Amino acid sequence: MAKLKVGMIGGGGPGAFFGRVHLRALSLDGTRELVAGALRTDPKAALASAAEWGIRGFGDWREMIEARARGRLELDYAVITTPNNAHFAPAMACVEAGIPVLCEKPMTMTVDEAERLAARVKEKDVPFVLAHTYTGHPMMMLAREMVRRGDVGRIRKIEAWYTQGWLATALEKDGQQQAAWRTDRARTGISNCGGDIGTHAFVAATWVSGLKVRRVSARLNSFVQGRDLDDDFNVTAEMDNGATALITATQIAIGYKNDNGFRIFGAKGSLEWRQERAESLLVRAGECDRTYWIGGGAPFFPESVGSYLRVPAGHHEDFLEALANLHCTMERTIRRRRGEEAPAPYDHPGAETGVAGMRFVAAAVASSGAQGAWRDV
Amino acid sequence: MAKLKVGMIGGGGPGAFFGRVHLRALSLDGTRELVAGALRTDPKAALASAAEWGIRGFGDWREMIEARARGRLELDYAVITTPNNAHFAPAMACVEAGIPVLCEKPMTMTVDEAERLAARVKEKDVPFVLAHTYTGHPMMMLAREMVRRGDVGRIRKIEAWYTQGWLATALEKDGQQQAAWRTDRARTGISNCGGDIGTHAFVAATWVSGLKVRRVSARLNSFVQGRDLDDDFNVTAEMDNGATALITATQIAIGYKNDNGFRIFGAKGSLEWRQERAESLLVRAGECDRTYWIGGGAPFFPESVGSYLRVPAGHHEDFLEALANLHCTMERTIRRRRGEEAPAPYDHPGAETGVAGMRFVAAAVASSGAQGAWRDV
Amino acid sequence: MAKLKVGMIGGGGPGAFFGRVHLRALSLDGTRELVAGALRTDPKAALASAAEWGIRGFGDWREMIEARARGRLELDYAVITTPNNAHFAPAMACVEAGIPVLCEKPMTMTVDEAERLAARVKEKDVPFVLAHTYTGHPMMMLAREMVRRGDVGRIRKIEAWYTQGWLATALEKDGQQQAAWRTDRARTGISNCGGDIGTHAFVAATWVSGLKVRRVSARLNSFVQGRDLDDDFNVTAEMDNGATALITATQIAIGYKNDNGFRIFGAKGSLEWRQERAESLLVRAGECDRTYWIGGGAPFFPESVGSYLRVPAGHHEDFLEALANLHCTMERTIRRRRGEEAPAPYDHPGAETGVAGMRFVAAAVASSGAQGAWRDV
Amino acid sequence: MAKLKVGMIGGGGPGAFFGRVHLRALSLDGTRELVAGALRTDPKAALASAAEWGIRGFGDWREMIEARARGRLELDYAVITTPNNAHFAPAMACVEAGIPVLCEKPMTMTVDEAERLAARVKEKDVPFVLAHTYTGHPMMMLAREMVRRGDVGRIRKIEAWYTQGWLATALEKDGQQQAAWRTDRARTGISNCGGDIGTHAFVAATWVSGLKVRRVSARLNSFVQGRDLDDDFNVTAEMDNGATALITATQIAIGYKNDNGFRIFGAKGSLEWRQERAESLLVRAGECDRTYWIGGGAPFFPESVGSYLRVPAGHHEDFLEALANLHCTMERTIRRRRGEEAPAPYDHPGAETGVAGMRFVAAAVASSGAQGAWRDV
């Protein structure tokens, strides 16, 4: 079985760790390989990076797409891991060229861009995966399957959160690159905290529950002096089934590295997952709590999830494996379309989720600007 | 050292477990004893209950106060543990008679009653303790002292919650007494979930932080069909220092017995406490998390808290001991006023906290009725 | 219902905190009261302590027993909380006088004493409870009931441990009283760590499992220089059903206050309890872990255990409540013998457990002295 | 930078999941690739497997070594993942041919083989890594560095355990392949549980502490009827500095998937790590517990460990990443020997650890056969 060939757009800068993360995730299974890249904006730097990585380099992503179009480059799909403001153009170009895309989130800078991109993805029927990494985590997938098969009953309330502390001080003023672009409206868009991690909480709330947000009332804060965009993001949401969701994210919770999680309360039971202890999923109902542990072969995983697991019972898979699972989904989709044998791909977030996320953040920003008045999503 | 003599008002009914709870808490140290009680509304039943408990019975609390006034009953303080709608009258009567009061929460049915009571407490300078039980828990007291001495710096954000599941079904229709009076507007007031446990979350948010709520935006839900009052209570609060507090309570989270807790995020560090693991307190700051464990003699307890501990390092004290600590505070206050030797009483919640809690719930109900518009507290 | 009247022997010294602990535990329910005591060895000091406690004092425990015999003192039972080497004499005297005894552990200084005492308890049929406090903890009782009703199947292996760190340095040389008598052969007997906390691990292993120790292979260490007795205690035990039990205790594990616990592995499932998180009990079997939480009214408590709980679901009861439960068991036993109404007393450890514990420690000391050669218990 | 080329011996059978695991671990970073393999014993099956994996196949590992010797195959190192009884021959052959080896554990079937192999590794100075996977886990590496720099002081006691439950029934009789070869003396050697997972506990105890085992007293059990080899393994060990280590492993603890861990008690503090919550490391000393969380960039990781991390603070790396780290160590060693730039390789377990492990198990089996009499290692 030949390896899938992957091209990367962005990700090659010295502080741009996510390129390496995708390299690892796509390499993980030994069934996909990075073969080409337009890794940086500056053509020279892009070529140098590619040489360093040992792949075929392009000075511009347009050239890479062009090379493929002319049959001078084999490329099964592209990974887009540029800064937020540079997702849209290459994503759209890939889609137009019929190249499947695995795109970092947020999908675009504006709702309008997101809608246009999603529309094209649909029209062209191009595989498109949006990198909400933890949706590839088996325990988050399991939670979703449990909800879907009715384990918790009709959902009444959702709590989804993403609690970090790394921006509790004005790191952006010390030249920290990750902080700098995230807190810069030009590069990050209308929301820092909401766009960066609030969307993850939003996806946890909607993707796991299967519900949509109808309208929101939000309060965004900017606690660190001199910061333009939000570093704290609090949304009360009304879901399309009447449930209430509390969707929050913060970057000022000192000591909290990555406390991402959700609790779902239904008429029959409750579900809880926290990334800090990602290897287990808590179900509360009946006389005792039930804790499910990650690990291949566990009988409670439906095949749709179990087929993504790589190591046996008790050993953990986490972030890189979750991201690799999104690449797996892309791989399975492509192989199946080609008529190769492959397990069924899971329905991980795609372009529609990207649109929903952009609309959610836009509505939250609008509501917060209007003293928390409700805004439709 | 003679034991303090305590009288109880309410608490003697067959389903009214809280009378027994107070009996235990006040008995715990062997320095206080229950000597008299007007335990039920019906005089005959009240006398029968008292006989069963082996204390001097009164058919009506007015008679008990009267007996003391005439020197026919020694009584150092009274415990009020009637249903919510029957706190105000006996509390006011005790205060008028100069009898110190340890009163169950919520203090009254209305803001107006609360204000009148608090004013009288102040004018008469009568010791008054409001039974927010977990404020007597040493780890909650420790959290407060840490905030007070500046360990977390200026507070930016607070999360306080109380998550329960016991009212996820219409228990009140099955004749469950605890459910029946709590969901009955006549006996419980304008809010069920908010008044019953939302106030505990409110106290966690304000008493531990030392901050006051300036205004609120709220969304109350009533998820169980046929239920008049809220069983889910969500408040976004603006604190008097500009911090944001998310104060939530719910009774529909199946499998959650008593998940009460708070997280406080300051400019220097974070604090987290959860009742489910009440014996430890988490401080996050610097390169690692720090976990403090309950237990007498631990050097990190300031004397004001350490003097309340009863068992050595590693052994736990919880609910009954916390409630006993409120009785301790009452005892210390009374003994000191008499010139007896006693350690300094901790400043546990009193009548002012009762007023603040009533105002908070009232504002939340008003805001929720106005689509979440902000309401001053 | 009249309160039971309790007399205390020992417990009144300034560093002897356990007297106060028993005072609180017996007072807790409001149905028992301390009325008399021979609280210290020195008669004058004993009387002074009693005065301070507000109870009737005796200069010597013999006088207290005598007073009761002559009808000059009402006494329903006695609590013995003297140092280890002073348990035997008053316990035996009480038993001879027909006074029920709640005795601190270890029951005596030698196996011979233990056997003589247990024999007399049996002959005279006097209620006798041995204060292995955590056997009164509802979750430990629940674990025992689960084993008894077959939830884990035939037991194959047991791990029971008690891990502390307070004696990791030579505290006894700094005049710390608790350390001084525990590490002093004359006052504590042949084993410090084994006798003090190894016996608790032994009781966890045997009392919860319902198994007996047949023989042991032990390694005792004395890690702190200049210390005569063991501060680390490791036993491999063969149980009477062929199971293997690892029973360990240590006092040199810095930072571990009170990590007492057990794991029981049977042919059908596993059970785990840790005092550090005492409020929950873990059952492992089938596809997920099951966690049971403490709290009154929970349906999984059999009546024999549930009748000991005092506060509703989710609130915790721990050390003092556990000790109070042993007093409850004494109270229920006494009331039932008198024909009063009382729930059935649980079969908490008595004199036979005391004998077994003494034999266990003696065999472990012998085995360790013989390079770990197996010694029958 | 060219990818390293890896050959695999074994690992291609249908139930032999570990080949796939190594494939993933070595592929993970995108800097190594599997190019060749002698994946099964049967030549035809071996070639078929290789074809399926998309690599160059050999019918026999001798042919693969031969091909490299003749310059017909580029191979930077070999991975040996055959059953236990087939490690020695190919490992020795690779070493003789100067091919670096990453070998699954246990290294060989007998102490004699292990010693011969280790001697050759030393003489030929061939890079050799033994796949004790969790020694590649950053938190276990961190624990080792903390011990090494003196954080816990002189070590007094160690507990190391590996608790599993998957062999609690006679799975080997149902044709489960993993169970079948592990419980078969011919294929697995003198010990099942000890050799399979007891060695991991042994490595945790010695590799993290830097201590050696001097002698052991052991009790091995075979709880499941009809099973020849041990399924439960309990060792009391005397370390070369006088410390006591309790090293245990079991396969009959129902519901425990992979509870591997250690606690190290020193004169200055304690360390605890459990694989079930592998992402954090607990240090106990002083007034509070300290919890360190995994995640790239954390300042408490010394460079020697930090350079192995792939994802930022708060995201987890676990089993596959740990195994990948052993491949990294191999890669770094090889690149450095060639004069390429590479970070310093960590001193992960090599052939000497393999010898020590084999001696440890042999001594334990001998001691258990002699009623637990002490046996030198």
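When the chains are written out, they are named A, B, C and D in that same order, and each has its own residue count from 1.
The rule we apply is simple: contacts are C-beta pairs under 8 Å (C-beta built on N, C-alpha and C of every residue); 3 or more make two chains touch, one makes a residue touch a chain.
What you see is a predicted model, and the numbers here were worked out from it, not measured in a lab.
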Between the pairs A-D and B-D, the one where more C-beta pairs touch: A-D
Longest centre-to-centre distance from chain A, chain (CA-based): C
Centre-to-centre distance between chain D and chain A (centres being mean Cα positions), rounded to whole Å: 34
Chain C and chain D, separation of their C-alpha mean positions in angstrom: 43
Whole-Å separation of chain centres (CA-atom averages), chain B against chain D: 55
Set of chain D residues in contact with two or more other chains: 283, 289, 293
Chain B to chain C touching residues, read off their complex: 1-3, 17, 20-21, 23-24, 26-30, 33-34, 52-54, 164, 166, 257-259, 275-279, 293, 295-296, 310-321
Sites on chain A touched by chain C in the complex: 283, 287-293, 298-300
Residue ranges of chain C touching chain D (in the complex, touch as defined): 152, 156-157, 165, 168, 217, 219, 221, 223, 232, 234, 236, 244, 246, 248, 250, 252-256, 263, 265-270, 283-286, 289, 371-372, 374
